Every structure is written in C-alpha cells, then in structure tokens.
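Shared between the two complexes below is subunit A, which has subunit B as its partner in the first and subunit C in the second.
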Partner chain A sequence: MTQNSLIANEPNELNELRQDALQEIFNISMGQAADSLASLVNDRVHLSVPQMHWVEKSRVQDLKAAMKRVPKGAIICQPFFGYLKGEILVCYEQGTQYEVIGQSLAYSRVDTQRWQHELLLEITNILGGACLRGVAEQLNIRIDFGAPALIDRHNDVTAILLNPSSVWVKALMMEIGFSVQTMSMTSDILICMPEHYIDKLFSCIDLLLE
Partner chain B sequence: MMKITVCDDSLMSRKSVIRALPEHWSDEVTQCKHGLEAMEACRSGLADVLFLDLTMPIMDGLEVLERLQKEQLTSAVIVISADFQPEVQSKALSLGALAFISKPVSREKLTDTLIQVGLL
Partner chain C sequence: MNTVYKQILNQLNVGILVLDEQCTLLYANNFIRDNHKHEPRTGVSLFSQFPEIPEDWFRKRVESVVMFHNTSFTSWQYRPHLLNLMETRPITGTHELMYQSCSLAYLGHFDQRHLIGLIVQDTTQTALSQMKLASTLKKLNAEHRQLQKLNQQLEEAQSQLVQSEKMAAVGQLAAGVAHEINNPVCFIKSNLECLQDYTRKLIELSQSVEGLIKHIDDEALKTQFNQYKASLDIGYIQDELPEILAETLDGTQRIQDITTSLRDFSRLDSAEWQQADIHQGLESTLKIVNHELKYSVDEIVRDYGELPSVLCLPAQLNQVFLNLLVNASQAIDKHGRIVIQTRHETGSESITIRITDNGKGIPAEIQAKIFDPFFTTKDVGQGTGLGLSISYGIIQAHQGNIQVTSAPGEGTSFLIKLPVTPKRTEHTVCV
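Up next, the complex of A and B:
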C-alpha cells in the first residue's frame, strides 16, 4: 500500500507524539462527556479544544497567562485515583440558569433554587466523571472517583491551585471550556495530574502508539 | 482498489483510522492534517473515500463538506468525530457526508459503516 503525506514536518519527536495522543484522548472523552450532558439538557454542549499546560506550583501565574480565559465562580473539586491520580476542578461562572438541568434531574423549581450547588456537583459528576471514564477506557486502565465537593463559592480557578492542602510541585493541567446556551452556562474544567503519575500515563499512551 | 484520504489534525487518530481500514480494500492512503489539505487531496483525485474529522485548525470538516459540494467533487465522505451530538451529526449528513462515526474508531465500526453505505 502506498502512503502519501501532504504534511510537511510530521512531528517525529516522541514527546510531540505523546502530546498529540493525550490531547486526542481527552478530546474523544470530552466528546462523550458532552454528549451525556447534551442529552440531559436537550441542547448542544459547546466544547473548546483541550489545552495542555505544564504547571509548577511556584509559577501558577504562568498558567494564568497561558489559559485562554481564567474563569471566576463557584469551584467544585472531584478527586480521582486508581492507576492515575489527580483532581478535576470545575469552575462555573455566575449567571447559569439551572431550571433546565433541574428539571431533567427531577428537581422541583424550589429545590432547584435551594440546591443549586448540589446541581453543580451533579453536572461535575456527569462531565468530569464521563471525561475521565473515557480516558480510562481508551487507556485500558482503572480510575475511581471521590465525591465532588464545593470548595469555593466565588474564586478564580488558579487561586485554588495554590491551596496549601493540594500537595504537588509540578503538574500536568488539561484545560477544557464548555458552555450550554439554553442554560447560559459557561464553565471551565481543569484536570490536574501531579508529575509523579505522568510517567504511568505516558507508558499507557506509548502502548497505543506502538 | 480505492484511493483513501484520512484527514485529522491528530496523528494518533489518523493512525487509528488507517489501522482500522479493511484489508486489501485500499491501495493508496493519503494523510492530511486540516481541511485545506483535504480539499487539495480531493481535487488531485487522491480521495475516492475521504475520512474526515470535524474539529480542525485552518479549515474544519463542515467547511470541507460545503466546499466539496460547491466544487462538485465526488469523494465519498465519512465523518469521524469526537463531537457526535445530534445537531452536528445532522449538519454533517445534510452537507453530504455519507455516514458519521463517533471516535474512538474501531475496525468493526468502520467495516459496518462501509458496508452500510455500500463501499464494501
């Protein structure tokens, strides 16, 4: 079979290959996650292409500069562990209308208002959970999830990374923006994986690239 | 034998499509990284079948579908996309894609689709 390539300078560095693979794996997983949320809210969920950042805790400002936008709002954190370990951080900007998702999840109107943060936890579970489950499936590994928790009602997502309780020095951050028009929802997901687990992650990816 | 073009900005995804192709079905595979290159491949007769991603830099998949129609190019297009929400699927099909496959692609999925649209 003849193979043509119209691509100049195909990346042949292992790191570029890994980066491409990792980005695509997250892309695929986010697509699956968005589809689950879309069927729940009956509207299109718009996603940004996942952006990858290497972040040192002492230089979180660099992350802030590199991010497409730095959202500010309610922040939910969901830990994951198993073969890989890290945290999913979701920042929900103010102004979201929760009625649609409340209805889909069988909350009454009053409950929807009263339990707004509960709803955010549900959405985090759906999106973050589905995304990492997709990653685990593609990499053929096991990932388990802790319960999502509201860690700040109104803050900038990068400020959370400086929280003294999160123990890491250097980490890989995957940044994905998503929005749902009917809910006026704009949010950002940061998936944070400490350096220590990246080798394990890459060894799974290398198997896929063989 | 078919001339195939695989257009996706991710090398891993292009590889997984090529790996999933039925054996002895194609004798020439061209790889493209964005829509503009895919248009070039179609114009040069390198794409009896075009496997097309949607979200790409420079020119996305939906624009490729529009342009193929405008230029009356006859490549059979199968969209392979990570975004497979109903709205996107119907948009791609209305622009002339023969079928829509959600990523990750597998040999089984691809073969079933090719049979379904009569390409295999």
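Up next, the complex of A and C:
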C-alpha cells in the first residue's frame, strides 16, 4: 500500500481504521462479484484481494512499481457516477481466449472473432458492475455506469494514466487481479477515484464505523 | 402525473422500450413507433416485433442485467443497427438506417416481474462524421506516405545529381588531363617521325657502306667489317628498327586519338551553344564507349547522311549518344549489331539521328515508363534509371524530341529529332 499526503491532515489512526474498513468492504464485494460472475459465465472466476494505491500523477511510476503486474493490451475504460465518481480501467492482454466466455454470453465461435471488442466491452461492464455493486450496497449509496469504451488497442494502464492532458492530479486506485479459467487470462482491474470523492467515501465509512 | 411522464417519454428524441425478463414487449415510445418500419405491438414477444434483434444474444444480456441489476451497453461502432430504425432525415440523409448506441437498463421489480428498459440513442450524426473523419484520416495517411516516398525519391534524385555533377567534374578533369597529355604526346610523335626519317637515312648509309666494302679487295678489312657487323647484330637491327619505330608511332597515334576524343567528348568549351558537327560527336562518343561495346557488339554500322552543322551543346548531346549506346550494348547478349543512322532532308529545319540495336527489346507495358527518372529494370549497381530521363531532358532543352520503338526479342530503336537552329538557346540544361 502506497500512502501519501492525500489524507495527511487527518489523524493517522483514524485513517488507518478507515482504510482497513474500505479494504474489508472491497474484499466482501469481490467475493460476491466472483460468485455472480461465475454463475453467469459458467466458469471458475477468481478475483484477487484488492490492493489500495494512493497515487499522485507525478508519481505514477511508483504505482507501476507497486502494482503486482503491469499487463499490456487492449484498454477499456468505463466511467461510474452517482454518489461516488470515477473510472474503471481494464487491460486485456493479447492471446486471451474468448471462445468459451463468448459462448456463455451467446456469441458463436465465428462471432467471437468479429465481435471481440464488443465482447470486451461487455465483459468490462459486467466486471465493473459486479465489483462496485457490493461496495455501493454496503455503503448504502447509488452508483451508475456509463458506456464502456475502448481507449487504446495496445498499451499499459500506467501509460494511459500518464497522459499529460488528462485532468486528474491525485487519486485512489484499487488494483484487482482477475482471472477466468477458460479465458486463460489474468488481468487487472483498476478502479480509480479522484481525490475529491475520497472525502465522500470516507464520510460513508465513518457512518459505518460509528 | 402518469400522463406527464408519458408525454415526456414521447417527446424525447430517444427511443424507449420496456420489456420484462421474458422479453415481452410492454411499451414503446413514439420515437420507436415513428421511426420503425412496422409499428410494434405490445404484449407480445419483442422478437416478433423486432426480428432484427439477435435473440440468443439479447436474452443473455437481459439475463445478466437482471442478475446484476446493472446496465448493459451497445455501441454504434460494433452494432450500428440493433433496431431497424429509419434515419430521421429522409431527404438530406445519406443512409437508410439510423446508427444507434443503446443501453439496456434494469428498472426494478414490479407486479412479480423484472422490468428492463432499452434506451436507443440516435448517433447517426456522430457515426457519419466519425466515419468521414476515419476515411479522411486514412486518405491523409496514404498521402503522407506518398509524400514520404516522394521525399525519399527526391533525396535519391539529389544524391544522383550530386553524383552526375561529380561525373561531370571527372569528365572535366579527364579533359584537362587529356589536354596536358596531348602536348608531350605531340612532341613525342613529331620526334618519333624525325627518328623514323633519321634511322631510315642511317640504315640507307650502312647498306651503301656494306655495298662499297663488297667491291674492295682487302680481305682482312672485309672480314673485320663482317665480324664487327655480326657482333653488333646489325642485320637484325636493320630489320627491326623500322618496325619498332612504326609500332611506337602507332601507339603514340592511339594515345593521341584517345586524348583527343576525351577532350572532344567533354568539350571544355561546351558550356556554350555552338555550331557543331554531329558526326564528330558520334565518333568521339564511340571511341569512349568502345571498351563497353567490343565484347557484345560485333558490328557498328555507320549509315551517315549529309548533315549541316547544328547549334547545340555538344558535350550534352554526346552524353545522350553515350547513354543510348551503353543501353544498346547492355540489351545485347552477343552478336550485336548497332546501326547509327543520320539524316537531313534538303530544306528541312531539323535532322534525325536513329540508333538501332538488335537486343532483347522493351516490353510494351514498360515503354511508357523508360524515360521516368529511376525507372530501371537492371540490377542495383548496373543501372540507375537516370540515363534516359537525363537524355530526355537534354533533347527537350534542344527543343527536339526523342522516341522509342521496340519489338521484344528483335530490338530497339531510338529516334532523336533535333532542330538545326533551336530558337531559344539561352536555355541551360541540368545534367
């Protein structure tokens, strides 16, 4: 876990408590998400314990070093909004097998070639929804999603985050490892929330902690 | 309040369908009703009203939306026409069907059933402008590549120009050296001619001395003379000396020929327009390329007519002749025959020079290209593809023209037509 000045003006003990609570909330959500995903795609789905990173744009390199792995591939982004606001970034590496998961979403074998990008968008949509739904429920807040979009055909996520014209400065990033057995793929889901919404997030957590 | 909601739904420029988890169509707003080919009925299966929707796939999406209580999306990029809705502009529109981005949203659980909303957004304008953008970008990219290629060709051309400038410089140098060599060769030659004369006289003298001695009765003197003559091998020398001198003179003559033709070919004075003898130019060029030609060409036929002197840049015309002759010899495998024909019709203002070979010929489909810079069928190092394009430029500058006729397998003929007196001679040529 990389920590920095994001929350420096708060007493440390409280922050540690909050972070532990947040971690716990995510852990529970991931468990639920993995279960519902598995039942949808009829396959073993594994979601890892989320890693929390507090990142400043000027120090994305630190994030790169702190991340378990930095895959390179098609990058899909999906915005979410409501009480909290942020984006989900998922990277799909080349060589991923889409046939089986495609079939479970009613894409025929021929289709998966032709519809590969649409399929990636939908998988992202389901994944993102599954991960954040539990969080929203536990915090008792509303989160909605925008349409996912393919933003780069071949890159790694940190390169996207480094885009000099992007607006973010500081953010909380949750790194979640994701693997589906038949896709022979392990990839990363990055849930990113800008600084401004962290306070809102913590005030929800404070309510739970009371 | 319900009617207000319905009014709003019908006023929206967005299509809205409501269905249950069995995909029974429960509601369609005006946008859908107005723009679909067939007005949909409610209370029946969605797929009976919209057979264009892929059923299995759609049901799966509905299932996941119900399972996760989330929203699922489709994009015009991948699924442009989920529903067969008509373009909203039947007159100025360019496409029959509307491009759509849709979302399938979970609405909630009412009266024992899950309700799902399908929201259809008209993205035709975005789609069309994006597609236009993409095709423009593609075109731009292609043009960019073309430009890069041209740029590269330009660079090559430049380096070739530098190269040909170097060659011109070498030519000048050669002409200069030739001139320098020519002077000593001249006096060597005239000295040799003197020597020839003197030795002839000396031999004559020695022969008459020998004749005189034969008539003398002094046997001792005779023997002494003959011994002396034999020991010096004078008999042999008398035979050999004229031959040696003749050969040496011949060699000197050849050196002089070469230096003269080198000088003529590059014509140090040729940067200026002048009256020149075309035959002389052809001959000095032939001498220069002789070593190229002699292996493959058995015969060079000079079919020369009467030519007036022509106002030209002689060194540049020689360059043209050189290119044509070298091409001809390169096209010939063996037993070559090159015919050089020159003509001037009485009273005509122009002359013609025709160089014909019996080489492999030029296929019809590339005949139009051979004058292009860098067009070559030869291996790297063998051809630059510049010879004919430079020649073309030179002939143009002389206000003449150059044409090719060729029969593959039989041979090729280049015809040059030159005005005797070009009108604008201030024209300078770049070679």
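Keep this in mind: the second predicted complex is superposed on the first by the 195 of 210 C-alpha atoms of A that agree within 3 Å, B and C clash if a C-alpha of one lies under 4 Å from a C-alpha of the other, contacts with A are read in each partner's own complex, and residues count from 1 in each chain.
By definition in this document, a contact is a pair of C-beta atoms (placed from the backbone, for glycine too) under 8 Å apart; a residue touches a chain by one contact, two chains touch by 3 or more.
From a predicted model like this one, the values you see are computed outputs, not experimental measurements.
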Contacts of A:Ala34 with subunit B and subunit C, given as first, second, both or neither: first
Subunit B versus subunit C as contact partner of A:Val49, first or second or both or neither: first
Partner chain(s) touched by A:Gln138 [first = subunit B, second = subunit C, both, neither]: first
Which superposed partner A:Leu17 touches (first subunit B, second subunit C, both, neither): first
Between subunit B and subunit C, more extensive residue contact with subunit A: B
Touching partner for A:Leu209 - first (subunit B), second (subunit C), both, neither: first
Touched partner set for A:Trp168, first subunit B, second subunit C, both or neither: neither
Touched partner set for A:Tyr83, first subunit B, second subunit C, both or neither: neither
Contacts of A:Asn125 with subunit B and subunit C, given as first, second, both or neither: second
Complex contacts: residues of subunit B adjacent to subunit A: 10-13, 15, 26-33, 37, 40-41, 46, 55, 81-88, 102-104
Subunit C - residues contacting subunit A, complex: 54, 56-57, 59-61, 63-64, 67-75, 77-79, 101, 103
List of subunit A residues in touch with subunit C within their complex: 36, 39-40, 104-107, 115, 117-118, 121-122, 125-126, 129-130, 133, 144-145, 147-149
Interface residues, subunit A side, partner subunit B - complex: 1-7, 10-11, 17, 20-21, 23-25, 27-28, 30-32, 34-35, 38, 44-45, 47, 49, 138, 208-209
